[in-house]
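A, B and C label the chains in the order they appear, each numbered from 1.
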Amino acid sequence: MNEKQGFKFFAVFLNMTWFALFVLAPGLMVVGISFLTRDISTFFAWPLTLDHYRELVDPVYAKVLKNSLVYSFNTTLLCLGIGYPFAWFLSRAPGHRRPLLLMMVIIPFWTSSLIRTYALVILMKANGIINTVLLAAGLVSEPVSMLYTDAAVYVGLVYSLLPFMILPLYAVLEKMDIRLMEAARDLGAGSFQVFIHVVLPLSLPGVMAGCIMVFLPAMGLFYIPDLLGGAKTMLVGNFIKNQFLTAGNWPFGSAASVFLLLLMVVMLGIYFFISTRFNRSQES
Amino acid sequence: MKKWIVILCLLLVPALASAGDRTLFVYNWTEYMPDEVLTAFEEKTGINVVYSTYDSNESMYAKVKLTQGKGYDVVFPSTYFVHKMRKEGLLSPIDHASLANFKHLDPVLLDKPYDPGNTYSIPYVWGSTALAFNRDQVAPEKMQSWKDLWRPEFKNRLVMNDDVREVLGVGLIINGFSVNDTDPDHIRMAYESIRSLMPNIRVFSGDSPKQPLLNLEAWAGMVWNGEAYMAAQDFPAIQYAYPEEGAIFWVDSMVIPKEARNKKEALAFIDFILEPENALLVCEYIGYAPANRTAVGMMPEELKNNPTIFPDPEDVKKGEFQTDVGDAILVYERYWERLKTGM
Amino acid sequence: MKRWIGISWVSTVFAFLYGPLLVLMVFSFNQARYTSEWQGFSLTWYASLLENQYLLDAFVNSLTVAFVSSLAATAMGTLGAFAIAWYRFAGKKLFFGLVYSVMMSPDIVMGISLLMLFVTAGIHPGFFTLLVAHITFCLPFVIVLVHARIAGFDPAVVDAARDLGAREHEVFLKIVFPMILPAVLAGWLLSFTLSLDDVIISFFVTGPGFEILPLKIYSMVKLGVTPEVNALCTILFVLTLAAVLVAHFLIKEKKK
């Protein structure tokens, strides 16, 4: 075996083994449990059944899924809108300052997310800092209701997921060759055209990575929406957690998470299919 | 390579070293027991205490069950989790004869339906879930009954615990049923009542129901007595009230898992906590009532007479202690999902 | 003009990121135990924090796990990104699927299934299992991040180096690695962050005697999170910020 093959073997083998042991194996357990019957004293037992998948066909769960999808989708869009320009400006900062700025993005996140969420509560509550300032400035006559609204949920979600958008975008934008843009400009392209035809296409892998890294974790997240939104909406994360912990219905919870996974595979599959088609048609 | 072996050894040594000494593994909420009590126990007995934490009864139960409780010697489940764990054979019986301080316990809290005869559990602290309100916005006479929550002036102004059993429990109470009812029809009626309460609910609090009251986001709601007591310390307008129909009571108990390795040490620990002086320290630290009659007798008058912490015996009689509802929890959960999806 | 738009955008986002932390720091000096109303300046919480051995131990444990697991995940994930970008191998699609499935698995499912795996294998939960779990949920983020950077990478450069007689590890260390470094760094930062903040998975896979800080903090809800935690977060935050700034200026001095 030569060194190239050795390297390949090492890189592939190490990752495949790890994922097989710690992702695939427990994952298969979950799939297996989803076909078993709920049991009050052992969590799950024979016989095999498809009931849990049948139970999932219920408008209540469609609503739960919709709630989560809407939150995740909007959060992803907001993060992209805020994060893209931010990552762009960051990547154009003087070279020696960039590592510092990058660190500055992440440091706030080394503080417990629960504690940070409580800090948001202190800011947004009826007798909180923002309201006190607004009242003192005479801009409003009574406290603005911010906490326990959808807006508060989005502030919290964006606050906790923004770096997952910024970092991959930065990683891609940072290597972008400034000469490409200059060349485009020399050929008479305006700023907007340069962005659409040069910058954006080259940064697409980063956009995709960022969107995935925000959207997927947002689907499972429920702590922040509960604390800031008042827990009046059930999300996929709550639902699965309740099935496992409160109801002790592991098979049903497993079926729900398997279904969620399949849904995601289909969505990503469609995306990859369209994007390869699109790339091919552009090339030809 | 050598370096790695050294590091590996360093990581393994603590695990090996503790094997020789007498050690006790306590599983509880963070800060639910003052450090000084733990240190005093270590000094008195020479037993080393290792304290780990959980964040909800449900997750503690799942973990203890999966690991068969191996590795934990004393656990602190709340009321109906004692019932559940006992029924499923996860607990080891506790010999009252070896607990010299058992006599200090308040008989009002012993021999409850969740553990008849207290064969498997020893009460630690207890409390209630009832009404709390902000006197600046709500007149006390408007918060006398669970039914008062439905008053139209509380539109979007209530806080409720984010707990399926407690919220539907209120629905059951106002329909005249027990909070431990397992009849699907009764649970449906409770759900319908709570659904009509939804416009009044501003927030389901999963962490700390006192916060929305302190934040002026909510004017009233369903709160644990300890939370109300703490809130009133910093904000005296918060008042606690036992509803006419009766409050929901709970007890946090000490239990020994069946597979615990250090049962003798666990018993010594439980007995130590039952000493009135230590029970008193616990109460002063966490603000919930100790299940210890002698300790209560030693308290300053003003604390002893604080109705938020120590309800009238009449109120206790009217109230109910939660027990495990078995498979009916699936029915509860189903209606809970409907409530929270607005269906 | 453009420069000003850039500077104001960046500062606004930084203000958004740091504002809540500023609030937290201010309130760590608040006298009140239970409310978040300002009731006077006090250093009580800093004093009692220093006596709280349990909290400090948990904090050290958290740092250890975060540091080791993020390093391991970054190294392995970088290799994984190359495996995906450069090589064809059996099961590549499955590998992709697994990577994304970790990212979206609800924590509770991952925590419980990993614990079942360890229990089945007869491994006692503790430091080691915690480490394995943390590496596992950090890996996909590193892989996706580094892969995005490699995706736009011109393979001709690598081939040219190979043609010039560079060996595979030289190609990797001298050409490829410097080019992907920003992504690797970003991946490490994200892993460290994720590991430092995880609660639910850690709850299930850790054993008695190895407590980590987020678990302690989330478990405090029964009595209300104490201002001591705010004090701890403040100290931690100020120390990190100071370390980063000092490192930055030292490097700058050196370059001059």
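The rule is simple: contacts are C-beta pairs under 8 Å (C-beta built on N, C-alpha and C of every residue); 3 or more make two chains touch, one makes a residue touch a chain.
Remember, predicted model here, so these are calculated numbers, not experimental data.
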Most remote chain, CA-based centroid, reference being chain C: B
By number of C-beta contact pairs, the top two chains: A-C
Length of the line joining the C-alpha centres of chain A and chain C, rounded to whole Å: 15
Rounded Å distance between chain A and chain B, as computed from the means of their C-alpha atoms: 35
Centre distance in Å when chain B and chain C are each reduced to the mean of their C-alpha atoms: 34
Contacts with two or more other chains, residues of chain B listed in rising order: 59, 62, 206-207, 211, 215
Residues of chain C engaged with two or more neighbouring chains: 36-37, 112, 116, 199, 217-218, 225
Touching two or more other chains - residue numbers and ranges from chain A: 121, 125, 127, 244-245
Residues of chain C touching chain B in the complex: 32-37, 39, 51-54, 112, 115-116, 119, 124-128, 199-200, 203-204, 207-209, 211, 215-226
Touching residues on chain A, where the partner in the complex is chain C: 2-4, 6-8, 10-12, 14-16, 18-19, 22-27, 29-30, 82, 85-86, 89-90, 92, 96, 99-116, 118-123, 125, 127, 129, 159, 162-164, 167-168, 170-172, 174-175, 202, 205-206, 208-209, 212-213, 216-217, 219-220, 236-237, 240-241, 244-245, 250, 253-254, 257, 260-261, 264-265, 268
Contact set on chain C toward chain A in their complex: 6-7, 9-10, 13-14, 16-21, 23-24, 27, 36-37, 76, 79-80, 82-83, 86-87, 89, 91, 94-95, 97-110, 112-114, 116-117, 132-133, 135-136, 139, 141, 143-149, 151-152, 167-169, 172, 179, 182-183, 185-187, 189-190, 192-193, 196-197, 199, 213-214, 217-218, 225, 229-230, 233, 236-237, 240-241, 244-245, 248, 251-252, 255
Footprint of chain A on chain B - complex, ascending: 56, 58-59, 61-62, 65, 87-88, 162, 164, 198, 201-207, 211-212, 215-217, 326-327, 329-330, 332-333, 336-338, 340-343
Touch list for chain A against partner chain B, complex: 38, 40-41, 43, 59-61, 63-64, 67, 121, 125-128, 143, 147-148, 226-227, 230-234, 238-239, 242-249
